[in-house]
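Naming follows writing order (A, B and C), and every chain is counted from residue 1.
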Amino acid sequence: MTSLPPCSVSAERGCSAGELAAWFGGDLSGDPERRGFGLAPLARAGERDIVFVANERHLAALGDSRAGIVLMGQDMMGPDASDLSRRSYVRVDNPHACFARLSTLLGTRRRFEPAIEPGAVIHPEAEVHPTARVCSGAWVGAGSRVGPDVYVGPGVFIGERVEIGGQGYLYPGCRILDEVRLGSEVILYPGAVVGGDGFGFAQDQGEWVKVEQLGTVIVGDRVEIGANSTVDRGALDDTVIGDGVKIDNLVHIAHNVTIGAHTAIAGCVGVAGSARIGSHCAIGGGAGILGHLEIADHVTILAMTLVTRSIREPGRYASGVPHQGARDWNRSLAALRRLGRREG
Amino acid sequence: MTSLPPCSVSAERGCSAGELAAWFGGDLSGDPERRGFGLAPLARAGERDIVFVANERHLAALGDSRAGIVLMGQDMMGPDASDLSRRSYVRVDNPHACFARLSTLLGTRRRFEPAIEPGAVIHPEAEVHPTARVCSGAWVGAGSRVGPDVYVGPGVFIGERVEIGGQGYLYPGCRILDEVRLGSEVILYPGAVVGGDGFGFAQDQGEWVKVEQLGTVIVGDRVEIGANSTVDRGALDDTVIGDGVKIDNLVHIAHNVTIGAHTAIAGCVGVAGSARIGSHCAIGGGAGILGHLEIADHVTILAMTLVTRSIREPGRYASGVPHQGARDWNRSLAALRRLGRREG
Amino acid sequence: MTSLPPCSVSAERGCSAGELAAWFGGDLSGDPERRGFGLAPLARAGERDIVFVANERHLAALGDSRAGIVLMGQDMMGPDASDLSRRSYVRVDNPHACFARLSTLLGTRRRFEPAIEPGAVIHPEAEVHPTARVCSGAWVGAGSRVGPDVYVGPGVFIGERVEIGGQGYLYPGCRILDEVRLGSEVILYPGAVVGGDGFGFAQDQGEWVKVEQLGTVIVGDRVEIGANSTVDRGALDDTVIGDGVKIDNLVHIAHNVTIGAHTAIAGCVGVAGSARIGSHCAIGGGAGILGHLEIADHVTILAMTLVTRSIREPGRYASGVPHQGARDWNRSLAALRRLGRREG
């Protein structure tokens, strides 16, 4: 579906059930001319809204919904005929992905008009594309380039010699430090920090001596970095975030980490220095990944797992411990300690 | 004690020992006219200060303190008579809660004069109550309403169509995105982000397609959200934080989570999407709560526990592992692995 | 090496191989007049660059490097003679520490000219040293003092009665709240928050009553606090961060914690209230330290360990669980639960 034909769907025009079916290669039941202008959850949807039903469990709730157009799976039980008088159905292979595509076309949250607002601080040696918007309180340093259709929110900081690719959206208060390069269609959420110094020190007679971090961060296309997440610049070489990588909130990526394309990292994960994570991986929330190791492509790490050595094979890996009642858990712990002593 | 009679205590007036005893329904020993104007720790207190003694252990340190008024428990050993010449004692049922109430009345940290400072950016279609203060570098978007006696610190971002209830205090650099609704007396600490996009993507041929997050965040009254914590907006429905909820620093609340009233969440906790946490719960630091599960009211989760399935009964739950010497711990781990293989 | 003689190395002058050998007390091979002006990784170095080789593994890559000067260990295998025609070698005891010292002298990342930029908000009762720089969008409150050679980046917030020692570097968007005191040569990274309220509440009939946090945060000399980390102010007494402490990103330090000198704390660590951590400790990423306990000097805590009680002896402590394949791990978990039941 990645290569869908272009379409003219927008929040103003909306789209008809027939257009949707054609666009997604789906099957239509009901009036092809019925139009939807927005997306909504089942319970809140009105007759100008499109809903999607991801699985059979939600079909019951559909009965009470006023939604005008329903996106659903090919394999799901169909509507009864009486329903078709008030809404149209489009059955597709991957309703969630279709809904996702639609959501961007119909959404209006990240629209803006080009402008340099008063109160924006732009260095005379920075280049801002005329189709970009730079809001009040944003700062763009010397030698930096802000590409076409980029939104730079209030309080965003862009250091020196930074490159921001086209169609980027920099939410208020994210910070991009010197020499960082962002690809196109990158979204940084509020408080994200890209290019802070890596945690690099040399030991010298019991004190830590700072090692200047000479690398930077290279971020691919269509990457998202969540609110208050941090990606450190490399010590000598660069930290590299591949195309299509999605990073949730409060994630820490240390210096010289590389993350392969289309890997997703859930909230509160920490990745230590020089770890190399493959493509198409999924890292569960709260996981920790030690430094200087490699994780193959297509690896799934479950929540709160500690990855301590390289993972060479695709598959699912875990070390998170499910909760028990506190008393039961204490018994398990005591038994484990005894076992360790006995067998040690 | 929640319904204490109104009182006229303030940092300027201070309060007398007699007033305190009457207000809290406590017992007085010593001069009822002795006045306190501030709160202090035992070691630093002067004769115009009020201290509180939470347990018997601290009574010894009291001897050297110059504090003029002492709040203590009804059940604690009393002062000797010689002490009463230099200070007054008020014995109450819950000295910590009394101290807390007093601390807000006598505190001056969050006082301010109403003003719109130069350098504040307020959209012409936003409404700011005349008793609010909006500091330089703050931003209030179209259609947003800032209630009475609200402080909006420097660098605070308030998006569009946001509602901020009365008596709110928005510390410098917190960010509140479009359509978020905060109740009254809400405190957001620096760097807190409310209403960032939930981490929602559809898989399509190995790539992640962004799903626009159409819901928002509804925050109740008297909620606190700690420094650099993040609360994501809902995917379709809303994320909901109940009245009186207290959230510490660096906590991540994902989309469509609901948290019941008066639940407290310690630092570094992550709560995954659509989890439903009950009222009066206490979640220990570093805990992780998986998505799409329910936790009953009055549940305590100990530090660094991973909650993997619904918890139906009040009580204490755990899976955190206490530290051992590294060698002992390695033995326990080796024994556990052998056990798994033997019994698997 | 802490007491190296002063030297005149700078990014403009660079330094010669002979100067380096003399300065570090190292052994020189090759031309003493060869000059280096910057540091670089082996692969990117040019003939005016200095590289360092930390261990034998990297010697192979050195062959292809164009670097002009090489810092390496005394104990490493030397270059062959043909190499000396194109570069000079300086052998030292601690090449990493030497590289670190050099990196600061040759680095230019944190240079600035003194200035108060337009758009900076400085209270008339604040004192800013004439050698400091305060950038646009920064804020300095009443009674605060900013020392010599301090950089206050865009969007930095400094509250009231704050002290910032000399040579400090406050990256864009860090926040320092009322009464906090920073020593000299302190670096705060973007989004760091120092002096937010501790998480202090009294229980009163099922509701949480806020306890005003009357202490502050005292930060020693040469401390670094990472991006989006948070250090809370004390409840009654102060939170104290010792000299030379290095704190990585997304670390949470609760109220009344004390951290001894030269302790390093990796990313995503949480330290609960009133914990006392010794000097020269190393706390691994994602570790959690409970409150009201003590950790001796020279203690190492491994990644994702939960410290639940005081540690009196130096050494290494752990409770993190290394990942396994998910199926193997489930078997281990099941065996552990059975064991707990059997022996409980």
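Everything that follows uses one rule, which is that a residue touches a chain if its C-beta (ideal position, glycine included) is under 8 Å from a C-beta of that chain, and two chains touch if they have at least 3 such contacts.
Note that the structure is a prediction, hence the values are computed from the model and not measured.
Where chain B touches chain C, under half of the residue numbers in use are shared by the two copies, so each contributes mostly different positions.
Fitting chain A to chain C on C-alpha positions gives a rotation angle of 120 degrees, to the nearest 5.
Per-chain Cα centroids separate chain B from chain C by 28 Å.
Residue positions of chain A with contacts to 2 or more other chains are 119, 137, 155, 173, 191, 228, 250, 268, 286, 321-322, 324, 329, 333, 336, 339. Against chain C, in their complex, chain A makes its touches with residues 119, 121, 137, 139, 155, 157, 173, 175, 177-178, 191, 193, 196-197, 199, 201-212, 214-215, 228-230, 232, 236-237, 250, 252, 254, 268, 270, 272, 286, 288, 290, 301-302, 305-309, 311, 315-319, 321-322, 324, 328-329, 331-336, 338-339. By the touch criterion given at the top, residues 1-2, 39-41, 43-44, 94, 96-97, 99-101, 103-104, 106-107, 109, 119, 135-137, 153-155, 171-173, 187, 189-191, 224, 226-228, 244, 246, 248-250, 262, 264, 266-268, 280, 285-286, 303-304, 320-327, 329-330, 333, 336-337, 339-344 of chain C touch chain A in their complex.
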